[in-house]
Each structure stands twice: as structure tokens, then as C-alpha cells.
Amino acid sequence: MTQHLPAIIIVVPLLSALLVAVFGWIKKTICFVIALPAMGIVFLSSIVLFYKVITENQPIIYFLGGWSPPVGIAYNIDHLSSLVLVLISGVTLAHLIATRQTVIEEFTNKVSAFYTLYILFVTGLMGIVATGDAFNLYVLLEIASITGYAMIGMNSGRAYLACFNYIIIGTIGACLYLLGVGYIYLVTGSLNMLDIASILPGLVDSKVVPAAFIICMVGLMVKMGLFPLHGWLPNAYTYAPSSVSTLMAPLTTKVMIYVMVRVALYVFTPVLSFSVIKPGNGFTWIAVAAIIMGSLMALSQQNIKKMLSYIVIAEVGYMVGGLWLGNRMGITGAILHIVNDAVMTLCIFLAVVSFSSYKKRDKLSDFQGAFKEMPVTAAVFCVAAISIIGVPPTCGFFSKWYLISGGLAAGHYAFVAALLFSSLINMVLFFRIIEIAYFEPFSDHHGKKHHVKIAEASPGLLIPLIIVACMLIILGLYTDELVTHVISHAIPAEIV
Amino acid sequence: MKKLGLIIVLICGSLMLYGTIDFPDWADPSSPASTHLSPYFIETAMHDTAVPNIVTAVLADYRGYDTMFETTVIFAAGLACFFLLRRFQRRAPDVNLFRHMPTGITLRIKKGGKVPVDSSEFERIDSIWVPYDLIIKTTCRLLIPFILLFALYVIAHGHHSPGGGFQGGVILGAGIILYAISHNLRAAKARIKERFDAYMCSAGVFIYVGTGVLCLLMGANFLDYSALAPLLGTDPIMARSHGILIVEIGVGIAVMAVMICLYYNLSSAGRQDEGL
Amino acid sequence: MEMIESIKPLLAVLISVVVVVPLIIISRRPNTREAWTFVAAVGKFILVASMLPVILDGSEITCTVASVLPGLDIAFRVDAFGMLFALVSSSLWIVTSVYSIGYMRGLDEHSQARYFSFFALSLSATIGVAFSANLLTLYLFYEMLSFATYPLVTHHQDIEARRSGRKYLLYIVGSSIALVLPAMIITWQLTGTLTFSPAGILGGQASPAVVTMLLFFFLYGFAKAGLMPFHSWLPAAMVAPTPVSALLHAVAVVKVGVFCILRVLTGVFGIKLLADLNLGTVVAVLASITIITSSLIAMSQDGLKRRLAFSTISQLSYIILGAAILSPKSMTGGMVHIAMHAFGKITLFFCAGAIFVATGKKYISEMAGIGKQMPITMTAFFIGALSVIGLPPCGGIISKWNIAVGTLETHQAGFLVVLLVSSILNAAYFLPIVYKAFFCGPEETLFPDKIKEAPLWCVVPLVVTAVLSILMFIFPQPFLTLAKLSVGTLFINP
Amino acid sequence: MIWQLDIIILSFVVICGIAAITVRDLLGAAILFGAYSFMMCLLWAEMGAVDVAFTEASVGAGVSTVLFVAAVFRTSRRSKD
Amino acid sequence: MNEIASFIIAKYNYWIYIVLMMIGLYAMIVKNNLVKKIIGMNIFQTAIILFYVSIGTKRGATIPIIYHGHGDGSHAVHATDYINPLPHVLMLTAIVVSVATLGVALAIALKVYRRYNTLEEDEIFTQIRRK
């Protein structure tokens, strides 16, 4: 049965989504009961796939419908995608458990519809990562997007308009990607990524190939919210229900960057991406602008979720910049940061959800006294903050290490400076919150004991939160293994 | 803003025009798109699947996986619409309008007034008053069965002519929507209930995925219909043909149900009380 | 030289991390909690001390924990210099924790469990810095120390504490991220290794301009060393409870800063490279400027703790100066000064704290005649001051003497002048306090003539450290030997 | 494929497209969009893409228009631009 | 001159798709009314579908349904006789996706209207700002 694992990681959630949709009409509480084992199976399957890919050291290719590519659609699970699969399923599993209570509170009588969309969203992301077909990727992208729109729009207040903008901009992005695939198809006649990669290098003289490249990349940049195409992101994440933004912030942008890595390295091949078309320098400068603007915009926010959203924008800049440095170090950093940033973002967003589990905490000033009431969440928050700032031994440091090394090796000092600048700004940002949460309300000089009742979030939220926080450190300590056994195989050999 | 937008658009447009210069000529039979992959489909689809309509064959078999997700997309859209719009809290409208069928007189009953619910002579009408139009109702009533029949034909005959599950499903849905427009939403809901519709959505997708899983259980790859041959009692090639039919039916059901769901929710802004 | 694999360094680092768990769990029972702290402190000292004989034999202990990046490990290596520093900090932790107990109880401070936990974490980080085998490990523990001391510095949680905490973090973490991190990565890119080696790793790998740039990055990046103009966090951090200030100044924070700079100067740049490019003199000049300036500033301070803080800034630069002169003698002096200054300065801080606990006085102008009320404390203060000034019979003279001899050996008499001037300045700002305390009668009856010392928990540690300061003069061997051992490896092939 | 027919339909498509986004009455815009879709469907049928044309006829010209009309009916017909 | 004319004619479908796409893009960027934006979005998507269908066309070929569907298979099928079916398949999927997006977008537009009682973006912004 293990040879069918690539199908299982998609089929199991799909079937469970249908089950949830049907049984949700009958009994609301059953939704979580169905969703949890389904995501568990997906997580385990991804781990097995990951293990298989690493031990056998070759990609697993699965022919869907039994048709070999390029005729049929194939799943191509290599080092890179298996890593991201594990990441997505792991993040989802943790998130699913952590937000159980929040979901019930936020979607009282639409829990079943929510869980169906939730599982479909994750299915879409898993499919995007696993697929080896350029057009199939578009379809899965749309699944993830449409479910994402719906989940974001399900909040009162400004969410609607934010969501509407997201739909419009997201559709432009997806359509541009589709158009880019059309251009590729026009000149190659193929849709399978490996097949395209074998044909494209022969077409270096055509003007269509750079056009296809630029259109694809712009589409993906819109989807990942790279500055200056980030307009939809902050509002969408800020006003979305908290159980949704905590899932989308870690996953959506990261998966889009994965797609960018895949398209750049495996569709357009490194030769075209880094030698013939050479957008690298321009893209890295855009990334520099993204990092700086994201950090500065984050600095001017008073709403915690909005601030975190702008940090997400800056982090997107990290990864895009790292990728387009075009050297091994930078790309390693970008891929490593996909993993690390997903976990970091999950951790920090969940911590914010945990902080607001009894009292709504939106504004920075709402965090007064939060550390006294919730010491465990506070500790987790600090770990995540330290990781985002980039301090060893948390994982954020190590990806930053690679990114900076890559920037130095490529001689792109502005990128290095932007990374350091953003680290400093992140430090200011987080310590601003920590100061409010730790100091206020002020005590008298010798702070006679305030008796604040400790009111921690429910264990269902806390335990996944602590596990995620531990993962931040564990990932940091296992960077070496991750890089030598996984990421170094994921980068084509011709990149030095 | 307008000028800025225009400038952006013009710049984008000219860049894209620049990109098209190297395109192969339009309708050139020797362009890569026509020579690389498509000859395989054209020449062997008939042998592989016994389906003369190559589009159907490619859609449901070679690229059946895409189509499965296409169905899932539409399922997600229906669900999303329900999720976003549906309002369950039943707030009785301030004013109810009832029409006395034999005479065509309209009663306006305020909140709290006695409502002739079960009377066969009275009919509740939408608050935006619509004249009683016998011609439309009758014509639609006559047309709808044929529309539905045609839809079924489109689904079933997708192997040999343009059409297939998706088009047929849309037409099926359109038939119901026509009924809802010509009568009213409540009448349509009486025929196809919301919950039934939701089940149909899931069932349609389930037929598709289930077929794939069945193939998986038979030991072949996911969605490899030829593995169904022992179950269907045919040779693998015909099994593919039948498999395509099965999934097309699934697509048809799902699409129909989703179209109805979209209409129900959009036309009534989620209340599912008064429609178009 | 023999290398011995042992897990002891790791244990020495971890013991105080582990103790945090029981500290939090039993936070409601002060006695048990403080017993745990004490046990951990003693345990740590025993672990460190147990490695001493091996080190004195001329061997080194190594321990690789994890490989975090290809070719880069989190690894420990105990050499003589690290041992010296670890010995100082672990022994002083015992004293400080005893003092903390007295101080915190005396003032009935809040959140004591948190206080002791982060105290323990800080010590872990300090020992980690002392034992780190490469720059990455050093950086890791350096940052850990920065964050672990933040809650200690801001313990009072009032507006003033917040302001100082902000300054503290901005200087320390900011400089380390903005300067040390890139410098470290550049070093790694140039050399492919970050492991400290006695001969330095940068030699012959980089152009002089790059080396100079890296030197400045490191020098100012380790802002804990308080080299001007990156010093102003230190006076600001004086809002912390006094045991924390003592820890900051004598043991953990500032000494970690200079330790890091010395490590980088010797282990990364190497004596030879510094001498070849004449960078030693540059560093020495910078250090001299800091020494003189901060001594002058110290004279104008009225707050006792602030005066001590500026004194610390100038004393730290002695250590850097000692290393930067690049002669074996002065290097030895610099290293030993870590220990000598630590004992002297901690005594002074303990005294300041004891005065505050007993009388609530913070300013020097209020302290006339206090010697009559607190004779033991002020005597200890006098001894500590002598040690810091560098007069016999206290330990400070030994290190200063060595540095001075070094300046003469290398014919850099200018720095000798700096040393002498600053010693005079030291005397000028310390001795008046003592004089006033003992010999000036209070104008009004500010202090009743009866003796009212701080609680016993506070007095005993400061007596102990004062006595140790004197003992250092008589028996400087352990530290001197270690420093000589370390310098011996550095100057093998100058 | 008859290129004259092709060009005529293409120009109709463009006209309908521009009209659909310029008329101020949203109901009119919805109907014009339906016309646009129908022209598109004709174009595709003429280009030989029968299945796509069929789908566009049922979806674009059919259901989409109904959905637009439904949405306009539930909101407002007024549009400032 | 003649060359340019023939160049334009040879690719006129591709030019028109760009024109349509830009019409859609313009509506999405500039238009104030949410429904107009959605119409623009659909025009944008249809333009891309037109592009794909244009790829598929082939001079001198017929629709991709095999003539002798029920024959014995002895008739050889020549690739040049039939239009490329693959873009059609892809575009069926794309149309479905576009109608799905349309549904969700309209649903959100209805929600916006329900809350702000207008579909004009600028009026919504003034309402948000007023609060």
C-alpha cells in the first residue's frame, strides 16, 4: 500500500471533507472527530513519504489514472516537496487541535461547513506541493484560494471588504499564473513540469519564455503578497476569524514561495532562471524593498494581527530575496526559512489567539497584564518572538544565517543590510509588546505583590502551542541534518 | 485613479504585446502545442478509452485528476456560498403577502395576523410584488421536463458529442433555477430541499472520488478505471469508457446541486425565503 | 596538549537550567526554592572546580553537543582562560545567591521565583560563554544571557525599569545583531570555520581592510564590554535590584563582554595578525579613552551605584587594554583582572545594596557618617575600593602590575601613563566616600550612633568577598597560573 | 474557421466587454455580460472548441448571468461608474 | 508594410485576447462598484480562456470528435485532422473555476452590501473612516 501514499495524502482529506459535509448536518460535534484522524493519517503518510524519499534518495513519482507523464498527471514527490508536505500536515494538525474551541465559538452553527472548507483548503495546499503538473497546480491553487476566501470572509466587520479585495487580487494572481502556463504550453506543448524542464532550455532564444517567466512570477508574487503587490494581505489576515488567520498566515504565503522555488528551479531550470533571463537582481531588490517596507509598516501598526501580517510580508521578502540570490546558500536559506517561518508564524499567531481566549486582545495596549495572567503563553510568545528576531538556538537564526551568507556570497550587501535591519525592527516590535504585557499596569516601586489570578488558555490550545514552541528550538538544533539530508538534495546540482 | 489605472493597464498591455511577438502563428498546425502532446491524444484516445469525443476522454481519464478537483472546486464554491451567506435565524417578515388563487386578489397580512398556511386556495408570494403570470408559469412547466431530459442526454452522450457531466449538470441546475424563477423560491425548495441539495453536492463528488478509491482498492493507481474491468464485467478499455460515464454522472450531480445551492443563497441573500 | 572528551562542561552549563524547573514548580515555598538555588550554585561550582586539575595539567576538555550547521557545532572547550572565568563566576554565584536571599527577603520583593529562575539561567549562559569552543556557541550564549538578564534588570516593573530595560536591550541585542552577526558570518565565509584557535583563524585569509572592519564590528558588537560609546546601557541598568547589579558588573554581563572580546582577539584574529596590522594599538587607544573618560564621569556621579557603574566601565577597558598591548605579561594581567575586579567590585556592590537595605540611602551625599552605623559594611567597602584602585593588600594590584609591566616590555609607556592617571582618578572617586563615611560626622542626627547593619544574609557575603579580595593578593596562584597557562598557548609562536 | 466571421465576432466581443463595464445600470451590465459570454461562446464554437463553447453557453451566458441578476436584485442597480 | 499587416493578421486572436484582458484588468483596478469589478474579473478570466482556445486551433482541422466513432477502428486517425483537444480540456476546468470564483465573489459582495448598504467602494471607505 505504501506505493499509493501520494494518492492517500490527497484522497483521505478529500473523503473526510465530504463526510464532514454530510454528517455535519446531523451532528455538529462529529466534524472535529472526523477531521482529526483524517489529518493524523495525512501527517503520518507525509512522514512516511518523507522518510522514503530520504532513504531511497530519489523522488517518488505517482501516475494518477495510470497514465505516465506527460500524457497524464503525475505526482512528483521529491526532497523539497516531501519536506513541505510534512510541514503543511504538521502545522495543520497542530492548528486543528489548538483551535477546536475557537472554531466552535466563531462559527456557531456553521462548524461543519467550516471544517469542510478547512480540510479542502489543506488538501489544496498538499496537492499544490505534491503535483508535478503545471496546470493541475493551478486547479489546486484555486481550491486553496476559494476555500481561503470563504473562510476569511466569515467574520463580521471589515473582513468583507478585505476578503473582496483578496478575491479580486487573488484571482488576478492565479489567472496570471494560468496565463504563464499557457505561454509555456504554447512553446513547449507540454504541461508536465519535468517534461517542460527538458524542453525549455532548447528555447532560450524565444521571447515567449521570458514573458512566460515574468507572468508566472508576477502571478505568484501577487499570491504570496510580495511588496508592492501585498495590498490584500494585511487586511485579509487582520480581519479574518482568528482560527483562519492562524492557519493561513503560516501556510498560504509559504506554499506560494514553495511554488516559486519549484517553478524557478524545476520548470524553468536554473539555467534559464539564473543565467538566461536573469531577473535575480531585480527580484532581490524588490525583496529588499519588501523587507524594509514590511518592517516599517509593522512598526506603525497598533493592531497586533496587522503588525504580524506586515511581519509576514517582510518574511516573504526574506525568502524571495534568498531564492533570487541564485546561489546555493541563499536558496538553502530560502527553503529553510519556508519551514522555519511557517512554524514561527503558527506559534506567534496561536499565542495571540491564546492571549485573547478570555479577553479580546486586538490592540497592543490590550496586552496589559497579559504575562501575569498567562505565564505559559507568555513564555511561548517570547520564544516565538526570539525566533522571529533571529536569535540562536531557535530556528529563525539559522535560516537567517544562510540568507545572510547567501547575500554575502552573492555580494548583495543591501539584502544583508535589509535582513539585519528587519531583525532589529522585529526586536523593537516584539519588545514593545513584551514591555506592555510585562510592565503594565505599573506597580509601585517595589511592586508589592499584585494578586493576579492566573487564567491560562484551555489545555487543548496550550499543549499544541508548547509543542510548536519546542519545535522552534528542535528545528534549530537539527538544522544541520535538515540541510545536509534534505535541502541540499532539493537544490539542483548546477547551482553553486 | 482612473488615469493611473489606465496607464498601468496600457503598460501591462504593451508588455504583453511584446511577449506575443515570438508566438507561433495563430492556427499553425506545426506549432509545438499541436505537435508535442496532442497527436498522442488524438491518435490513441479512441484505442485507449473507446470514447470518440477526445475532449471527454482527456477530461475524464487522462486528466481525470484535474477534473476531480474541478468538481471539488465547484463543491467548495457551493459550500462557500452557503457558509458565507446562509442565515438561519428565522425572523418572520413584517408583512406577508398572500394571493387568493381563484380570484387573484392579494392579501396583505401584518405581523401577528393570522396566516392561511395550509390553505390550497392561498399562495404566499414574495414581498416584492410580482403579477400573476400564467403564461410564464405554464410555458416553464412545459419546458422544464424537456430541459432536464436534454440535460440527461448531454451527460450520457458526452462520449460521442460535445457535452458531458459538467454541461449536463449545469443544464439540470438551470432547469431547477428556471422553475424557481417562474414560480418562486419556496416552490423550488419544496421540490429540492436545502439539505437534500447539500447531500447531492457531497454525493456527486463522492461518486468521483469513490470511483478513484475503488480503483485504488482494486490494486491499480488512483483513478485508473481499467482496474474496474472485473467489477463491470468488461475489458479494460470498455471499463475506462464506463468509468468515464460514472464519473461524469458524479460531476453532473455535484454541479447541478451546487448551481441550485448558489442560486438559492444568492437570490435570497441567504435567507432562502424569498427569491428572485 | 591533551584533549579530553567529557560531558562535564555541558553539565556545568545545564545544571542551572535544570534547576529552573523545580524553582517554578515550588515557587510558593521560599525556603525550598532558595535551597534549590543554593544547591545548584554549589553543584555548579563543584563541577567547574572538578575540571580545574585537568586544566592545570595543561590539558583541555572538549564536548560537542550538536551539529547545527554543516561544519558548525554547538561545542564546548574548556581551556585555561575559560576555566578562569568560569571559576570566578561560579564561585561568585554562590555568594551572590546567598546575598540575593537576604536582599530579596529584606525588601520583600515580588516575583522572587521568577527572579531566581532567570538568575540561574543567566549563570548558565555565562558558563556557556566561558566554555564555548567556537564563535557560534559563544554568540548563542551571549544572546541567551542578554535575554535572561532582561527580566532581572527590569525586575521592579515600573516606568523607570522599562526605560532602562529598553536601553539595555537596544544596546546589547541591537549591537550584537547588527554587528556581531554579520561579522561572524563574514568570518565564516572567509575562513570556513568559527572554532577558536590559539593562532587565530583569520590570519592570511582576509585583506587588512576587512580585518580592521571585522575588528571594529566585534569590538563594538559585544556591547556588554561597555566600550565607549556603547556604554550608556550600564548606568541605566542600575535600576535593577542590587544583587543583579552585582551580577551584571562583577560576574555575568560585563565580564562576558570583555571575555568575548578577548576570546575574539586571541582566538579569531590571533596575536600575530593583530601585531602585524598594528591593530593592537588601535584597540588599546580606544580602551584608554574609555578608561580616562569614564573615570572622569564617575567622579561627578552622586548616585553610589552610578558611580560604581562608571568605575566598572573604566575597569573593563583595563582588561581590553591589557590584551591589546599584546605582550604576554599584560595579557596575563588583563585576564587576571577579570577575577580581581570581579571580587573587588562585587564587594562594593554588596555594600551599596546593604546600605540600601539597612537605611534606604542611594546617594553618596547622604552617606556622611554612615561608617559609624555600619562599620563592617564600610570596612568591606574600603577593602573593595582598595582592590579596584589597585593598592595592596588587595588583589587589584597584581593585575595592574602585570599590565603595567607589559606596557614597559613593549615600550608603550603612553599606556602606563593612562594606567597611573586612572588609578589616581579611581582613588579620587572612591576614597572620599570612605573618608566621609567614617570621619565626617553627620550634620544632623541622620544616623543614630548605634550599630544597625543589614541582615546577616547580606553582611556575610560581602565580608566573604572582601576577605577573598585580600586573599587574592596573598594567594593569586590559581588565577595567575591559569592566565599564564592560557597566555603560554597564545604566545607560542608570536 | 472563417476569418471574416472570426473578426466580426471578435469585435462584438470587445464591444460587449467594454459596454459591460461602462453602463451605469448594473442589471444592464449583467445582461451585457451575458451577451459577451454568448459571443465568446460563438467564437469558440467557430474556432472548433465545441465543448468549451457548450460549457460557456451554459455557464457564462446561462447560470452566471442568472447569478449576476440575482445578486443585483438583492443589492442595488445603481452604479456610479 | 505588407509584412506588418500579415504579421498582425497572423496573430490577431492573440492581440484581441490581450485587449480583453486589459479591459478586465482596467475594470478590476479602476471601477468603484463591486459588481463591476466582478464583471471585470470574469472578462479577465474569459480572455485567458480565449488565449488557450486560440492555442488549440489548427488550420484545416475539425472538432476533436473522431468521425467513425463506432467503426471497427480500421480508420487511421491523423493528428492533423483534428483540433488539439488538450487546451479545451484545460479550459473546461478554467470555466468551472471562474464560475466558482464568481459565486464566492458575489456572495461576498452581498455580504458587503448587507453591512454597508452600498456597493460603491468609496462610499464604503467613507463609512469605515467615519467609525
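Things to note:
To keep things simple, chains are lettered A, B, C, D and E as they appear, and every chain counts its residues starting from 1.
Basically, a residue touches a chain if its C-beta (ideal position, glycine included) is under 8 Å from a C-beta of that chain, and two chains touch if they have at least 3 such contacts.
Worth saying up front: this structure is predicted, and the values here are computed from it rather than measured.
Separation of chain C from chain D in touch steps, taking the shortest path, is 3. Counting hops only between chains that touch, chain A reaches chain E in a minimum of 1. Common neighbours of chain A and chain D, listed by label, are B, E.
A summary of chain positions shows that the Cα centroid lying nearest the centre of all protein Cα atoms is that of chain A.
Centroid distances built from C-alpha atoms place C farthest away from chain B. Chain centres computed from CA atoms place C at the largest separation from chain E. When the interfaces A-C and B-E are ranked by how many C-beta pairs touch across them, B-E comes first.
Centroid to centroid, with C-alpha atoms defining each point, chain A and chain B lie 32 Å apart.
Rounded to whole angstrom units, the spacing between the C-alpha centres of chain B and chain C is 75.
Centres computed as Cα averages put chain B at a distance of 18 Å from chain D. Averaged C-alpha coordinates put the centre of chain D at 11 Å from the centre of chain E. Looking at chain B, one finds that residues 16, 20, 23, 27, 31, 33-35, 37-38, 41, 53, 55, 59, 63, 66, 70, 73, 76-77, 80-81, 84, 162, 166, 262, 266, 269 touch two or more other chains. With touch defined as above, residues shared between interfaces to two or more other chains in chain D number as follows: 1, 50-51, 55, 59, 63, 67, 70-71, 74. Contact between chains, per the stated criterion, is found for A-B, A-C, A-E, B-D, B-E, D-E. Of all residues in chain A, only 4, 7, 11, 14-15, 18, 21-22, 25, 62-67, 70-73, 109-110, 113-114, 116-117, 120, 123, 127, 133, 135-136, 139-140, 142-143, 146-147, 149-150, 153-154, 183, 185-191, 199, 206-208, 210-212, 214-215 touch chain B in the complex they form.
In the complex of the two chains, the chain E residues touching chain D come out as 9, 12-13, 16, 19-20, 23-24, 26-27, 30-33, 35-36, 38-40, 42-43, 46, 49-50, 53-54, 56-59, 61-65, 83, 87-88, 91-92, 95-96, 99, 102-103, 106, 109-110, 113, 118-120.
Contacts from chain B toward chain D in the complex involve residues 27, 53, 55-56, 59, 154, 162-164, 166-167, 170-171, 173-174, 177, 181, 259, 262-263, 266-269, 275-276.
The residues of chain B lying in touch with chain A in their complex are 15-16, 18-24, 31-38, 40-41, 61-66, 69-70, 72-73, 75-77, 79-84, 86, 88, 195, 198-199, 201-202, 205-206, 209, 212-213, 216, 220-227. Only residues 21, 25, 28, 34, 37-38, 41, 44-45, 48, 51-52, 55, 86-87, 90, 93-94, 97, 100-101, 104-105, 107-109, 111-112, 115, 121, 124, 128 of chain E touch chain A when the two sit together in their complex.
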